[in-house]
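Multiple structures follow.
You will see two complexes here that share subunit A, one where it goes with subunit B and one where it goes with subunit C.
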Partner chain A sequence: MRTALRIAVKDLKLRLRDRSALIIGIIAPLSLAFILNLVFGSAFDPTEGLGLEYGVVDLDQSEISMSFTDVLEEVEADGIMELESFPDAQSADAAIEEGVVDSYFLVEPGFGQAVGTNSPATIQVVGSIDSPTSTQIAASIADQFATGFEAAQLAIATTSQVTSTPVTPEFLESLESEPRTAALSYQFGDMSAATRQLDPTTYMAAGMAVFFLFFTVGFGVLGLLEEERQGTLTRLMAAPIARASVVGGKAILSFILGLISMFVLVVATQLLMGAEWGAPLGVALLVVSGVLSAVGIVGLVAGVAKTPEGAENLSSIIAVILGMLGGVFFQVGQSDDLLSKLTFITPHAWFMRGLADLADGASWTAALPATGAMLIFAVVTGAISWFMLMKRLRR
Partner chain B sequence: MKALAIGMSNIRRMLRERSNIFFVFIFPLALILLIGSQFGGGVKPAIGLYLADSGELATEISDAVESRESIDSRHFDTEAALITAVERGDVQAGLFLPADIDTATAASDVVELGFVSRLDGTGQQLQAIVGSAVADVMKPVGAAQFAVAESDSDFDAALDVARSVGGQAGGVEVTVTAVGEAIFPDTLGQFDLGASSQLVLFVFLTALAGSAALILTRQLGISSRMLSTPTSVRSIVLGESMGRFGVALVQGLYIVVMTLIIFGVNWGDPLASFLLLVAFSAVGAGAGVLMGSVFSNDQQAGGVGVVLSLGLAALGGCMLPLELFSPTMQTVAHFTPHAWALDGYAELVRRGGNTGDILLELGVLVGYATALFLLASWRLRIAITRP
Partner chain C sequence: MPQILEAAGLVKHFGDLVAVGGVDIGISRGETYGLLGPNGAGKTTTISMISGLLEPDAGSISVDGQQITTSSTSGKGAIGLVPQDLAIYPDLTGSENLTFFGRLYGMAGPSLGSRVDEVLEVIGLTDRRDDLTGEYSGGMKRRLNIGIGLLHKPQLLILDEPTVGVDPQSRNAILESVENLSVEGMAVLYTTHYMEEAERLCDRVAIIDEGTIKAEGTRRELVSMVGEKDRISISATGNLGAAAEALSALDGVVGAATSDDGLDILAVDASSILPSILTTVTASGASITGVQVVEPNLEAVFLHLTGKALRD
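For the complex of A and B:
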């Protein structure tokens, strides 16, 4: 063990002197996380609302059209959207053009009278072609208002048919309850769910950290092949050193390099970019198990490859495929399709999942399932690569 | 002539490396497929549905929610699975339809539907869409309940009446008009956007990665040996540059042809599209040679190359369309050659432009390429003649 540590420390000094490990382990992920956060941060934030901005143009000014505006103001008061009033359609169109509002409601003159006389009445929703969701929400708000009226009208018409009485003022007088109550045949019970999803800043920081981790640990284990080529490995074998110490030394080096890189990245992204990694103990568990799984997988590459270049190329290919599939750049797959299940054959996906489970102030125990999954990766790949590397050294 | 030979040997070296086959030829296509299948149809917010039973009204409500065009809807088998999906953001909100809605409404009970959403995100805003779908279905039910209360008639009969009367009454119609010009027209193919942005990303990435080959050429003393033969410095510099340019062009043409055949990607006017690729390959090659002459450690150059090529690609609009950038970021983006190339492709692919319409973009790219090559040949000349 002491020999293994001594080998690891010697190599660590070498690696720190050569700046490549520093570039791959810290500078690359940090600067990419920063750029990606700059580009994506404001565009797609799953933890933010849509920022709905609507306009209303009431050219009718009747009792009913004003009750519609009241309904809109109630929705605004609920914090669902922001409402702005415009004097005419032209100014509202201009507001859409400038991007001040996404959509506006237009009530033409004669609306109130039409509703009063049961003639066709229309609320127009005009929306920007590039905000379909926002426009549909606006249309749905108007729809619900309209349905309230229609429900009352339908209630009257149905009662009149069922009782075979024509709709006269006397008939309306005779009704025991208010027809509008017909819209109240159901209600919504609202439940709120917790948040187990990362904000874009943390997502990018975590994604880049774990993506480059698989390159960083390569500086350790893959060094074995370098020594093999340079002939220093043969000399090590000639010395009274156990094979296990040599392999162990390289594995420890990989582990330390990975740990340093992750630690610096977690702290730096938290301080510089405002990433929120969650409960420290949970993050530590995820980082340690993530680094171990990376060491195991890169160890497999070292066991299989014939030359140092081959090993480096193969490990880049594996790191890129696993990273892409594991969703370090963007989330792969949707809810329960095949692709979203496939993504969990990568430690990357478990690392991201574990951090998402820690989001919103969850306790460190929330990270345990993902930690467990990554440890399984680590143990299985670690054991196989240990066996392969020990065999390789016997040659 | 010698320059051409040096260039060709560079291309052969690249093709002989097995891992290059993956990064240059396989990976870009796989990524275009992944991005196209993931984002090609646009991204809509999703509503999760859980039906405790498949009663008549529950089915009608779920059909009504599914028919709303601007949202996707997905069914879940258990309540817990739906809540988890909302928590993880797989769906933005969930609608629970309790058992026996039909019996409850017949008994004139008020039905309680569950709506689950997060405090953050868009879930609460989407409740309006779900609410209007539910209101549509429940309208005749409410009318029938009202009629039953007023007349003691049978609920099912009243419901039939309400359904047949529905639509005859005047009512308030809501019409929707979309205005403005769509950023991404409907004619845009599923893979079109991803293909041009990945083309730009990978041509530049490969060109920068090629700097490692140039560093090795210098490290192994091949350049010095070439100099000892009657080969001018100019030929070597030109040859190395042509090698990088050739590699970029080969990859670019490969991506264009393969995506055209496999995914039917529209690349617009062939001549203009080709000129754009040539100009951008030249920019990439210039950057690659510059890196190859400035760095003397290929591992460091590799790391810096990855950061530069992914970073510039992200800033230049290869990962998120430029149209979705804020005005400030759009200005920043146009410091990268990537943004100009993507503007050119947008003009050709989305607006059916030809060479005349992309003269500005071509001009800017040629300017970048010229500046980079001048800088690179000056640096490379120093690097290979330095004793």
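For the complex of A and C:
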């Protein structure tokens, strides 16, 4: 153990000297988390509005057109958007020009009558060229409303045919204003566990921390291949030390670098970006088990790679695939689909889930399931990589 | 005198290739033993087994009475290895490199510090001790490479072609250092394909080719194997390969090979065959600039034993 520590200390000195570990382990994830939070932070925050500002021009003023406005006002009441009514298209155009609204809905005269007589009826969406996303969302809202009316029209026609009753105002009244019940449903963004509970800043900080962790721990175990190339492994193997000390030294360095990187990122993002990681003991458990699982997985890469360059490439590919699948950049899949379940074959997903479980002041014990899952990753991959690396040193 | 290294019946296969096919080596305290052979003769495989880097398929090795295997750690402490390729950390200073490897050999505290100072003095790097070795010249790196091997005062120092790719000045400094080691009582196993180095440094030399030792002894003993034969050294230019081939077919020529500046020929009686030799060389398209009949050396022994030159 003492020899393994000596090797780890020597490697730590080398890594601190060439500054690569500092850049990959701390500066890069911190910078990226900061930038991503700046760019996407509010878009991921379900507690804030999406910044959608719409207008509505109802030139029809029929019961049906007013029901459309009512639906939009309901959406506004939910904080999804801000709505402003305009008397005519000209004033709405002027509002777009001035940037007061992104888009507006235009209901032409005769809209209600057209719906009632089963004729084509349209709601126009006029949008600013500078707000394509906002306009697209407005078009989707109008589409959804129109689909509800089409369903209602079909129901009226079918009922009239089946009951052999002509479509009269009395008949329509008897159907209890069917179109009115075609309420607009809306969903912006995924609402599964992690995004529901982690605020965007913490999400970005945690995502970048665990993503770059897989690069950082590579400086330890992948160093074995570097020793092989620069000839120093021959000297280590000729020394009166056990092979396990050499492999152990590299694994210890990986673990130390991973811990330092994660610790600095947790503290820095909390102080500089306001990330809320949760109960310290729970976070510590997640960090330790996350680092161990990363050491195990990168150890597998060291076991199969032939050259340091090959190992770095393979390790980067694995880090990116596992990171994306594990949802470090954005949530992957819906709550119950296959992709969502697949994410949990990555330690990243468990790490993010563990943090989500710790959110809102939960006790440290909430992190135990995710910790356990990551420890299983660590034990399985660690055992296999240990076997492979020991075999590699036995010539 | 008790033997520090006793290696018996060493065999190593790599697939179908027999890299080492039954090598025996014994080296006494204070003795410098040379393993002389061309590239691919099995020198590095042999010393890899002796230093515990490679497990032999058959045979046994003991150093200072302790068995050496790849997994044994006790006996390895008695060995100092200087690998052919540089084995130093470029981002550590010379002093840090020595200290790190010294600790791996169980050295610590003030004794380690003073030994590091001593070795830096021996290899002439005291002034550059705190510089990163990545900034050292090639010769300085070579010297540090040797310094790490002898830091822990091993019973047996193994040097694997330590002068390959070294400038003449550094090469001479390395050879002088090795000469001093045997004086200090260290057993040295020195592999080389340079005949001059083996002749200068080694008390005994084993000539190795194709994984087996062809002959072993002191320089005098080995040269005597050539017998009454004469060594003819011809300085020449042109198609030397063809000339050597044609000479080998001549009656009275034991062996012929190209050398740095011409041809080396081992003949039964130089005075009688010399005219035929000169005619053959000229007929092969080479131009002769000088001829010498010289005392046989290890090159001639190798030629005599294998029919080919050391550098083939």
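Quick note on the criterion: the second predicted complex is superposed on the first by the 245 of 395 C-alpha atoms of A that agree within 3 Å, B and C clash if a C-alpha of one lies under 4 Å from a C-alpha of the other, contacts with A are read in each partner's own complex, and residues count from 1 in each chain.
As a working rule, contacts are C-beta pairs under 8 Å (C-beta built on N, C-alpha and C of every residue); 3 or more make two chains touch, one makes a residue touch a chain.
Here the structure is a predicted model, which means the values were calculated and not measured.
Engineer: Quick one: is A:132 in contact with subunit B, with subunit C, with both, or with neither? Answer first, second, both or neither.
Structural biologist: In the superposition, A:132 touches subunit B alone.
Engineer: A:19 contacts which: subunit B (first), subunit C (second), both, neither?
Structural biologist: After superposing on A, A:19 lies in contact with subunit B but is clear of subunit C.
Engineer: Does subunit B (first) or subunit C (second) touch A:317, or do both, or does neither?
Structural biologist: first
Engineer: Once chain A of both complexes is superposed, is A:121 in touch with subunit B (first), subunit C (second), both, or neither?
Structural biologist: After superposition on chain A, A:121 lies in contact with subunit B alone.
Engineer: Determine, for the superposed model, which of the two partners subunit B and subunit C contacts more residues of subunit A.
Structural biologist: Comparing subunit B with subunit C, the partner touching more subunit A residues is B.
Engineer: With both complexes overlaid on chain A, does A:330 touch subunit B (first), subunit C (second), both or neither?
Structural biologist: In the superposed model, A:330 contacts subunit B only, not subunit C.
Engineer: Which partner does A:242 reach: the first (subunit B), the second (subunit C), both, or neither?
Structural biologist: In the superposition, A:242 contacts subunit C only.
Engineer: If I apply the document's touch criterion, which positions on subunit A are contacted by subunit B in one structure and by subunit C in the other?
Structural biologist: 18
Engineer: Which residues of subunit B touch subunit A once you look at their complex with the stated criterion?
Structural biologist: 17-19, 22-23, 27, 31, 34, 38, 44-46, 48, 68-71, 74, 83-91, 94, 105, 110-122, 124-129, 131-136, 138-147, 149-151, 153, 157-158, 161-162, 165-166, 168-183, 297, 299-300, 302-304, 306-307, 310-311, 314-315, 319-320, 324-326, 329
Engineer: For the complex, give me every residue of subunit C touching subunit A.
Structural biologist: 51-55, 70-71, 73-77, 79, 81, 83, 85-92, 96, 100-101, 103-106, 148
Engineer: Okay, in this complex, where on subunit A does subunit B touch?
Structural biologist: 18-20, 23-24, 27-28, 31-32, 35-36, 38-40, 42-43, 46-50, 52, 75, 79-81, 93, 96-97, 114-115, 117-130, 132-133, 135-137, 139-151, 153-155, 157-159, 161-163, 175-177, 179, 181-197, 310, 313-314, 316-317, 320, 324, 329-330, 332-336, 340, 356
Engineer: Mind listing the subunit A positions that touch subunit C in their complex?
Structural biologist: These residues of subunit A touch subunit C: 3, 6, 10, 13-14, 17-18, 230-232, 234-243, 394-395.
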